[in-house]
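Both complexes below contain subunit A, partnered by subunit B and then by subunit C.
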Partner chain A sequence: MKQLQSSLIASALLLTIVSDAHAKLEVVATLADFGALATQIGADNVDVTVLGKPTEDEHFVDARPSFVVKLRNADVLIEGGAELEAGWLPPLLQNARNDKIAIGAPGRVVACQGIRLLNVPENVTRAAGDVHALGNPHYMIDPIIAKAVAQHIAQTLATLDPADAAAYQTNYANFATTIDARLQQWGATLAPFKGANVVAYHDSWPYLAHRFGLTIDTFLEPKPGIPPSPSHLAEVIEKMKAQNSRAIILEPFHNRKIAEKVAAATGARIVDAAQYPGALPNTDDYVALIDALVARLAAALGGQ
Partner chain B sequence: MNIPVFLSAILCAALLTPGVAPARQPSDAATNSAPGSATYAASNSRSGSASDAASDVAADAASGSASDATSGGPARPGDVESLKQQMLQIQDGLRQLRTEHQREVSALKAQVARLHETVADLQKTGACRPSPAAGAHAATAATQPPVAAQAPFPTTDDSVVAAPAPFPTTDDSVAAAQAPFPTTDDSVVAAPASSRATAAPPATSLPTTDSSASAAPATSIGSRLAQPITLAGGGKSFLNISFDGQFSAAASTEKHLDALEVGDHDPQQRGFNARNIELALDGAVDPYFEGFANIVFKLDNDAETSVELEEAFMQTTTLPWNLQAKGGQFFAPLGRVNAQHPHTWDFVDTPLVSGRLLGPDGLRGLGLQVSWLAPLPWYSQLSLAIQNGNGAAAFSFRNRGDGGTFYGRPTMDRSLEGVQDLVFVPRFENSFDLTPTQTLLVGTSGAFGPNDTGAGARTEIYAADVFYKWKSAHSEGGWPFVKWQTEALLRRFEAGRGEGDAFPADEAFDDWGAYSQVVWGFSKGWTAGLRGDYLHMEKSSFTDDPERQSRWRTSPNVTWFPTEFSKFRLQYNHDFVESDRFTGSSDADSVFLQFEFTLGAHGAHKF
Partner chain C sequence: MWEVMFWPCVACVLLPWLLVYLGIHVVRRGIIFIDIAMAQMASLGICTAVLLHMDLEGTGTFALALGFTLVGAAIFSFTGKRTSQVPQEAVIGIAYVVATAASVLLLSRAAEGDEEIKNMLVGNILLVSPAEVWHCFGLFAAVGLVHALLRKQFMLVSFDREVAYRQGLRVRWWDFLFYASFGLVVTSFVQIAGVLLVFTYLIVPAVCGIGLADTLGKRLLVGWGCSLAGGIAGLYLSFRYDLPSGAAIVCTFGGLLILLSGAARIRRAVDG
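Let's look at the complex of A and B:
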């Protein structure tokens, strides 16, 4: 009887260990771009939960209590860092009481790690608007950076789930290969517009400009986060006419009426763009999003 | 010899002897034209090359014929003789030209012979030996890639990715085949190929980045050192510091605004008020705790500064079983607005029910709190706070009252004698996402403890709160949104006879009240709010305390946030105070203009 008991206990323990070993990793991504990469790399071995909606302003996601539960259950947290989620993630983490995703834990992926951020301000003052002291955090739109983040994710998943390490490695390699190949196409599509002046509502596109040789230095917002004023818009319109700017990049949550006024005054096209997969139709993964962005930009700049 | 080779040989010859072909044409012209024109034109054959002579002859012939035609006269005998001599001279010239011509022809024949030899040589080697100029041309063409195969679009970029270390491919070294990922990385750390092949690193520690090459020296994986909470400001300090200044200008039909307004942070006098100037500090203490502090400075109605240690507590980060503990001075988790700092309020002032039943400072104090996040699929948290429950911030409990009286009773000094004299504040809250854009948070809470109006007098407070928020899926800066918040409180206050049974009667007051407020963020930076307040204080035949009068209030307001760091709020209050046995009813109208600024780290918004 005792033997039976102990063998039962042993098998139960074994079952627990085995089922644990094959349990899916719970991955929480703050935003949809990290979620898309996690899905691509983790595939069937992970469950991915995204907190912020792809169509909303990523700096002002509500810290909904349900997020606390998601973070409490997480094995992995992928965040952008560099103050991207500074307005809402800290209180969630204060309440989540989850060691696995504590700062410095293997399950905490701070995606900006190892990325050289653009536009790091020399002097931090809010007189310049809502500036980011560590540099512009909208870096995921650069496919080369996305590749590095995907690798970061793959390595984290492999560390936490060594049994499926080979799968993560393969998925990363496939992703990197796809990006490398698509970069040729994206580069070729936008090559005719090298140096073209593109206007954006908000300064969230320096990485796109950097990658594809566009000039995106005119914004409808006078300063980051400051609503457009009529006098500033008048200046923008003059500048756009002088530079023959043909496209205005608009994110889903920005004021479309303002952009339409500027477009009407300058003959420029509005490019409905987004930083997050799922925000535009048929852009459920990262590559599809960049595909759509490049196509829309090229169409606007090419006057089609 | 086939024709193409011959043609190319001719081409080569032309290129090799650039001076020959052009020289032939003038001399040909001279030989052709000289015989015809010599008959009419007299010319002095000058010394020089054959071609010079020939061209001179041709030129003289043309000018000579022209001058003859214009002079027009008949020829004379002397002229005949001179013409003969001229003829002889011309004949000499012609002979000279002929020999010259023959020499040139023979030279050309010799060249052609040489070219034939060259062609024969070329047929042996099979390639055209290019001239120096043509060679340079060909070399340039060779280094230029074809148009179709231009440099590929770059797929790596050191300027943005500090460590673009690729995964090992299948044909990589032995070490890579053993471990799932490389632990050494040639692209960031130089390592000899031999050591790379022999090193068999553990599969656990995998560098994701090279911190030495990284521009952002963030946390390193595996590190367990204390890190500051990064709310804003660069994340390079151990402490987040922010300073919030909140002021208001008040106008009211009520002369004593401090009797009308129920909260300590509300405007207390007509004119300008500075009731909540707050210094907030927070950060990670170490890997196990976080620390928070809020210190409030305010100016009273005599412009005297007072300092209030509003909150200062530490909170655990790593307790097991979904537990969390905090200790220190903190707001009791009673209801919703009680634990919020004034700068997060949606209205200028405290709801009547909070100010009158929990007290002007809210319910807070020294103590401990434990909370448990239930292992359920939705947010469900149970918490219990235990506090001393004494002083003005524990208004309904062991509070000595205003000048030693509370609701007319001379207060006792009930010192803490056991656990039963502490205030216990349990709270149970649940939250549900109704839709992706709508969230509901409901809570019930209570507070139980002794009060200072009698030796055995106790206070029980029961509270329920509901918070609903809709926020657009396309929100910019958090706008647009709609928030609805409602709280109801019931307080059973056992009012004893006070110190030495000085008061004539025991009473038990069942006081209750509620407020409900809606805030509509209608356009980025703008909100419109409406709040309704009601407070019912049980009527008493013994107590004439004006704070025990039932009353209601209506408060519409409009707020403008130029940014999330500044705020202007205009609010109108209509107050109605009901009559009781001692005092008649009264109305009051007030207008407030609140303005606020925040410096430093910007605290994140709690839900």
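Let's look at the complex of A and C:
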């Protein structure tokens, strides 16, 4: 009897060990771009949950009970940082109370770490008037930065799950190779429009502008989150006419009517764009999203 | 489930009683939208603080929000005349739209956008912290005590205004005290639970209580029963189907009200 008991215990132990070895890492990504990279790098070794919907304004994500549960059980949390999720993530984390993803823990990926952010205000008092004192947090749209973030994710996954480290490294290498190859094509597609002036609703695109040599410094909203005033719109329209701006970038959650009004006044085209994989049709992974963005921009700027 | 829903449940048990009581006053006075107008006055105060580059978590901001709420209280008590062609609800509506529009104007001149302000003003019941619940409970207990001590005057002014005038009560001052305490309660509850939930907790249980019972005591009991049942059921549904908690509670209350009015109708039909 005793023997049976101990062999039962032994097999139970063995089972736990075996199932542990195969337990997938629970990865929570705040937004769909980080989620897409985590899926690409982690593949079958991770379960990825994305909190914000791809079509949702990343500054305001509606909390649901499952978010707290997921964060409580997470092994890894990937966030953008630089105040991108400052409005909604901290209270969720406070309620989840999970040491594995606490600040500084190996499971916490703050993706902006090591990234040189654009538009860091020189004066960081409130009077300086920038919501994002650490710089513009919409950096994932730059493929080269996305590559660095993918590497950061691969390193974290490898540290937490050394058994599958080789797979993570291979998946990262494949992603990096794809990005390098595609960068050439994307650059070539947008090359004819170098220096072109593009207007956006919100200041989400400085990294796209920087990477592909566009100028995106005119915005329909006078300040982040503030509806345009008539005089501001008149200014924008005048500026667009003077600079011959041909495209207005609009995200799914912004006011389309305002963009249409400006487009009608200037003859510019509206480019339905998104920062998050899955928000536009057939853009489930990161590369497909940049493909779609580049194609849509080129079509609008080329007047097709 | 408990790990996640414990503090929201505590908040839904410990806090709404005062809202239900104030709700009965508000419904009887016929000033349903006073809470939203008051919350908007407080937010105008916070927008002013933003414009002055004050620390949003600091006491200065709180003082401004409170100050604007008191201004609201003064407006509503000053405009509440003994007899008037213009219903109080009209003044409340005007105060609401003007305060809302004024905050848009202020923010358009402020250095930063309104992201932070939105987050400050509108809480989420799912994410309440224990400290918030206890602070709010302490405040509610204090306001509740004031209302319990002065209940005779408050009742008279809300439910029997003519008698109050005839007895020589300084109705305007009692109104001011009522609105001021009300503004304090609403503003602090909005910060932890959001505007929708404040409105629901004020109005739905009070309507149930007034519809189903005839004395204040019974109405309060019915109202408190409703607020507990609706709150807990709403939180359960929110967890079970993974819905935004505040909105789930509000819709549960809507369903509860339909059920109760159906039941009351059937009972009347059977009795009659």
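Operating definition for what follows: the second predicted complex is superposed on the first by the 296 of 304 C-alpha atoms of A that agree within 3 Å, B and C clash if a C-alpha of one lies under 4 Å from a C-alpha of the other, contacts with A are read in each partner's own complex, and residues count from 1 in each chain.
We adopt the following convention: a contact is a pair of C-beta atoms (placed from the backbone, for glycine too) under 8 Å apart; a residue touches a chain by one contact, two chains touch by 3 or more.
This is a predicted model, so every value here is computed, not measured.
**Q** Both complexes share subunit A, so when I overlay them there, do subunit B and subunit C fit or clash?
**A** After superposition on subunit A, subunit B vs subunit C: clash.
**Q** Quick one: is A:N197 in contact with subunit B, with subunit C, with both, or with neither? Answer first, second, both or neither.
**A** So A:N197 meets neither subunit B nor subunit C here.
**Q** For A:R64, using the defined touch cut-off, is the partner it touches subunit B, subunit C, both, or neither? Pick first, second, both or neither.
**A** both
**Q** Kindly classify A:L134 by the partners it touches after superposition: subunit B alone (first), subunit C alone (second), both, or neither?
**A** first
**Q** So in the superposed three-chain picture, is A:S229 touching just subunit B, just subunit C, both, or none of them (first/second/both/neither)?
**A** The second partner, subunit C, only.
**Q** What is the contact status of A:N45 with respect to subunit B (first) and subunit C (second): first, second, both, or neither?
**A** neither
**Q** Taking the superposition on A as described, I'd like to know which of subunit B and subunit C A:N171 touches: first, second, both or neither.
**A** In the superposition, A:N171 touches no partner, neither subunit B nor subunit C.
**Q** Given the superposition on chain A, which partner contacts more residues in subunit A: subunit B or subunit C?
**A** B
**Q** Is A:I145 touching anything from subunit B or subunit C once the two structures are fitted on A? First, second, both or neither.
**A** Touch status of A:I145: first partner only.
**Q** Of the listed stretches 206-214, 242-250 or 404-412, mark the one in subunit B with C-alpha atoms clashing against subunit C.
**A** With chain A aligned, subunit B clashes with subunit C through residues 242-250.
**Q** List the residues of subunit A that touch subunit B in one complex and subunit C in the other.
**A** On subunit A, the overlap between the subunit B and subunit C contacts is residues 59-60, 62-66, 68-69, 72, 87-88, 91, 94-95, 126, 129-130, 225-227.
**Q** Can you list the residues on subunit B that touch subunit A in the complex?
**A** Per the touch definition, subunit B meets subunit A at residues 152-157, 159-167, 169, 180-181, 203-204, 206, 208-210, 214-216, 218-225, 227, 229-235, 284, 287, 290, 315-319, 322-324, 373, 376-379, 429, 431-433, 436, 439, 441, 469, 471-478, 524-525, 563-565, 602, 604-607.
**Q** Quick one: in the complex, what on subunit A touches subunit B?
**A** 53, 55-57, 59-60, 62-66, 68-69, 72, 81-83, 86-91, 94-95, 97, 99, 102-106, 108, 110, 112-118, 124, 126, 129-130, 133-135, 139, 142, 144-145, 147-148, 151-152, 154-156, 158-159, 162, 165-166, 169, 172-173, 176, 179-180, 183-184, 186-188, 207, 210-211, 225-227, 252-255
**Q** Contact residues on subunit C for subunit A in the complex?
**A** Interface residues on the subunit C side: 3-5, 7, 50, 53, 104, 107-108, 110-116, 118-119, 124, 126-127, 129, 238-239, 242-245.
**Q** Sort out for me which residues of subunit A touch subunit C in the complex.
**A** 59-60, 62-66, 68-69, 72, 87-88, 91-92, 94-95, 125-131, 221-227, 229
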